[in-house]
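Step one of this worksheet: look at the structure below.
Here the chain labels run A, B, C and D in written order, and each chain numbers its own residues starting at 1.
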Amino acid sequence: MAAPFAHPIEIRLHDTDVAGRLFFAHLFRHAHDAYESFMRSIGTPLDALIRQGDLILPLTHAEADYRRPMRHGDRVSIEVEVLELRRRSFAIGYRFLSETGDLLATARTLHVLIAEDGDATPELPAALSAALASHLSNS
Amino acid sequence: MAAPFAHPIEIRLHDTDVAGRLFFAHLFRHAHDAYESFMRSIGTPLDALIRQGDLILPLTHAEADYRRPMRHGDRVSIEVEVLELRRRSFAIGYRFLSETGDLLATARTLHVLIAEDGDATPELPAALSAALASHLSNS
Amino acid sequence: MAAPFAHPIEIRLHDTDVAGRLFFAHLFRHAHDAYESFMRSIGTPLDALIRQGDLILPLTHAEADYRRPMRHGDRVSIEVEVLELRRRSFAIGYRFLSETGDLLATARTLHVLIAEDGDATPELPAALSAALASHLSNS
Amino acid sequence: MAAPFAHPIEIRLHDTDVAGRLFFAHLFRHAHDAYESFMRSIGTPLDALIRQGDLILPLTHAEADYRRPMRHGDRVSIEVEVLELRRRSFAIGYRFLSETGDLLATARTLHVLIAEDGDATPELPAALSAALASHLSNS
């Protein structure tokens, strides 16, 4: 298996709140940015999928666990993996790591294929499934 | 002239940053929320305009002046007025007021009609112009 | 048990993305706004807690399930309940309902008391526990 | 004069709205990210300034002009320059450029030093002024 895809971020002023920490909802924005970068890296950029309109992959579940606070100026690496891969859905996992490798937070998003035209048995396109499979977590 | 349209908000945790104040860019989000409420109140809700697609009114300019800090929990009233009304554009003005009537910030957005189909001389629809005119600032 | 606390919102232009739906992370921002309104309604406004600094209640978990899309202009009611109440933590539940009562999404956030000064056995203040208990879900 | 500092961004799904373009207020978030990167590059990172608390530099004005739409997936370069430098304030300018060098938008923010302790004649620290001066626009 390849090394996990990593997306670097920096905690910006607008990510923080008056309590001095990353506002929890912004973690999901960063996770989705990492997901967009990941999808581009495996050859299926999200903007092209949405523009073509032939693949509708809404998020049906999202969750996060917050272990340590992230503060203004912190540099964080988001590791992205495919946690599950099914015929019509996949789950993406995110690990937020500090510069010293500490696990700061984890997140998970579930994406499910919707058939636009009433197709009874839609499936993920073979090319997308193959690309995702190459980043399937082995844990 | 009618009293200015007023849109009440509360400064939320995610509006603030570690410096303890409203992050400046979020003022524009609140101004646009006030604009959406204003447009609904005059009978031309923005979501309907965008869905119909027959009117494209992109923002071409935005500006704000920040006079006093807004902090978590503050209740603020945003007064909305039409500052300018032309054949193909209009400017909206916003005044952010504290509960005691202090002026906290002002903002201004400029909206310009774009002709989707190459129409040489597009104009704002008469109904929209009339609705906006009823809230034109007399200052 | 009292009727659930309800926080009304409208889906704004900035809540949507090019796919025409509420961007998933913004649901958490709305949930937290509902939580802030709820905390104020039970007499323990969050801004006062944070300013006093005597209670640190970071979010350690957040999750959401998305059932139906929310679109620009939709009016949504967020019902807030206390799902769990322990000595040092509590969980808040959120139900996003359409104007016709359809369940659009659910969310859950977990808040855990941190002892600032190394107090070995911190507990939620009795007043806060009692206020939360009055909104404990009976389901 | 040195070449302008450049901060690369990509327009993300959450930057867009249902009209398919960058939501105008998000341009200011990106401008501030570029400002943070710029301040770090000249040796005066904003997070350190805020943490030390010895320099309070609130934004008192912000404005933007939008020339061409930015869409999901677009790669944009934000050039940062110091437009004005005075004893107690400075203005930062931003130019948003497409991959082909087209000017998409411009922005400007004004930052003013506040004396925390009633100091009658506060001035920008010499080191900060010198660092900013090296990026002063010559236009």
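The definition used in the following text is that a contact is a pair of C-beta atoms (placed from the backbone, for glycine too) under 8 Å apart; a residue touches a chain by one contact, two chains touch by 3 or more.
Protein identities per chain, from UniProt: A, B, C, D = Acyl-CoA thioesterase.
Here the structure is a predicted model, which means the values were calculated and not measured.
Asker: Of the chain pairs A-C and C-D, which one is connected by the greater count of C-beta contacts?
Answerer: A-C
Asker: Given that subunit A and subunit D are copies of one sequence and touch, is their interface built from the same residue numbers on both sides (over half shared) or different ones?
Answerer: same
Asker: I'd like the angle of the rotation relating subunit B and subunit C after CA superposition, in degrees, nearest 5.
Answerer: 180
Asker: Looking at C-alpha means, what's the farthest chain from subunit A?
Answerer: B
Asker: Taking the mean of the C-alpha atoms as each chain's centre, how many Å separate subunit A from subunit D?
Answerer: So the centre of subunit A lies 28 Å away from the centre of subunit D.
Asker: Which whole number of Å gives the spacing of the CA centres of subunit A and subunit C?
Answerer: A distance of 24 Å separates the two centres.
Asker: In whole angstrom, what separates the CA-based centres of subunit C and subunit D?
Answerer: Comparing mean C-alpha positions, subunit D is 34 Å from subunit C.
Asker: Which positions in subunit A touch two or more other chains at once?
Answerer: In subunit A, residues 13-14, 18-19, 23, 25-26, 29, 32, 50, 71-72 touch at least two other chains, as defined above.
Asker: Going by the contact rule set out above, which residues of subunit C touch subunit B in the complex?
Answerer: Those residues of subunit C that touch subunit B are 10, 12-14, 29, 32-33, 36, 45-48, 50-51, 71-73.
Asker: Quick check on the complex: what are the subunit A residues that touch subunit B?
Answerer: 13-14, 16-20, 23, 25-26, 71-72
Asker: Could you please specify the touching residues of subunit D with respect to subunit B in the complex?
Answerer: For this pair, the touching residues of subunit D are 18-19, 21, 23-26, 28-29, 32, 50, 56, 58-67, 69, 109.
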